[in-house]
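The structure that follows is given in the form of structure tokens.
All chains are identified by letter, namely A, B, C and D, in their written order; residue positions are counted from 1 within each chain.
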Amino acid sequence: MTIRIFVTGGTFDKEYNEIIGELYFRDTHVGEMLSLGRSLVDTKVTTLMMVDSLRMTEADRQKIISSCKAASEERILITHGTDTMDITARELGEAKLPKVVVLTGAAVPYKFGSSDGMFNLGSALAFVQMLPHGVYIAMNGRCFSWDNVRKNRAKGVFEEL
Amino acid sequence: MTIRIFVTGGTFDKEYNEIIGELYFRDTHVGEMLSLGRSLVDTKVTTLMMVDSLRMTEADRQKIISSCKAASEERILITHGTDTMDITARELGEAKLPKVVVLTGAAVPYKFGSSDGMFNLGSALAFVQMLPHGVYIAMNGRCFSWDNVRKNRAKGVFEEL
Amino acid sequence: MTIRIFVTGGTFDKEYNEIIGELYFRDTHVGEMLSLGRSLVDTKVTTLMMVDSLRMTEADRQKIISSCKAASEERILITHGTDTMDITARELGEAKLPKVVVLTGAAVPYKFGSSDGMFNLGSALAFVQMLPHGVYIAMNGRCFSWDNVRKNRAKGVFEEL
Amino acid sequence: MTIRIFVTGGTFDKEYNEIIGELYFRDTHVGEMLSLGRSLVDTKVTTLMMVDSLRMTEADRQKIISSCKAASEERILITHGTDTMDITARELGEAKLPKVVVLTGAAVPYKFGSSDGMFNLGSALAFVQMLPHGVYIAMNGRCFSWDNVRKNRAKGVFEEL
């Protein structure tokens, strides 16, 4: 069983540009994170885009959905900015694909040392191996169905509706 | 649903003693790791022992089994040194408890920065929420049943028999 | 011999705000960094301000100069954003105080793991103990006199004029 | 002015062997640490040996002394285990070379995240650029002459006699 991982950007992959003193995207760290986690799960990583999810367009979301549809794998993990993760999950859920799709992300960039990214990646990879067909968000160690989840922006965590 | 976490030591919790230049155990880092992972899973952490699993005795294993039996929770996560994790899993499996027990550990101490511990803790916490009754080892992003797993000592990874 | 350390902010002390996904200042990490470095140098840390040096005003610089003048210590270390560190150094140099003043900073925030901050703090603390009266910038392991230094913004490093 | 850096091992360069769960030496991290510190000091790094300083032999010390003698550089930095750093410093001091030699080390391995190594390397590099001929130990942000220093083993710090 191969897990397809689609990278879309988000806090997961933000880095610090020391010339201009701002956060930016370069390449994804997901491969490095899987190595660090000594993952032996059979995965294939594809970068679809590298965007802050607040700037994700409807065209971006359509690309994510069509990529999930077109993938030969049944089980798909998507790394995604947390700010609009619930919106993308909803659109994916309504597409009713015969697949298991799990979205995850991070509150703190992986490169900033104190990241929750490794923890979330580990849990998301476990959930995507176990769950039945559907679309889910794996954050804070928990797993939510796409139709019963939102980001609590004040607290920065995910919760049921 | 509350997850009981039993700490037994292992690489997970090793620290560097800078006075004598050797590795040692002090307190568990599991609580700190759950905070770092922004975990919102309802967990209760209990330290049963703090030992290198190569030095784990039969009495230690009996204590682990009786603690699992006595716990009021149905779902139990055990942090454990990897060297004899498969032995403890086997004894727990043969005890046939009506519970979900997942053992996990780390190749590199959490305090040493490049740890797989956060990744494993995330995946173990996901597996323990999802799996049916049984005893499992969650390592390398994968999940093994107690009667079909061993540590490949040359490679430092877990694999099926 | 006591070294006075004046904190003014800068990249040194930037943190990641995980609610809004932006960098910000909270408290200084200089005390924590000195502990981590096992420093036994007699130091007293005072926070004068917590600003990005691009936003440092002339009033801020006057406060820094008057604080250096008023300090009872002869040897003073200033943590400062790198973008305008050379400007503050020049104003301090022209004030011709009978003191040793060393400015230092960081390209990457201390909290982001891969910081040059510990290295710069170590070298600045050494330079401030050794140098004769004057105003200096300690960056990149080197020490520059205030009247012969500028930040090369394209490369993000300090160099002689 | 070029600084010669002689690597002899010590805690600085210890790594964690995840197969056997013990500390060991592989390659030096000094080059990586200089890059991380964005050092622009002109340095040449040579590994003389990779040993725990408790196991350093008299032959090892003679090799260090003769290497310092033979070096074309006037300013030399030596990374060294802290346990016998004062002994090597004494032998170097008694050799009365017309050079500046600064020894430094670390309480915690660089690879273990919370290292004082970056701080010590920064301060040692500053001291070696500034000091007159002699042999010194740079630890804890301070600088000691070879004939007035010892390691306080109970506290793990360096102090005057």
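One rule holds in what follows: a residue touches a chain if its C-beta (ideal position, glycine included) is under 8 Å from a C-beta of that chain, and two chains touch if they have at least 3 such contacts.
Owing to the predicted nature of the structure, the values given are computational and were not obtained by experimental measurement.
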item	value
Starting at chain A, fewest touch steps before arriving at chain D	2
Identity of the chain that, by mean CA position, is farthest from chain A	D
Separation of mean Cα positions, chain D and chain B [Å, integer]	39
Centroid distance [mean C-alpha coordinates] between chain D and chain C, Å	26
In chain D, residues with contacts to at least two other chains	107, 114, 156
Category of the chain touch graph - line, ring, star, complete, other	ring
Chain C contact footprint on chain A (complex, rising order)	11, 16, 18-19, 21-23, 52, 83, 107-109, 111-114, 153-156
Chain A residues within the chain B interface of the complex	33-34, 36-41, 107, 113-114, 116, 118-127, 129-131, 138-143, 156-158
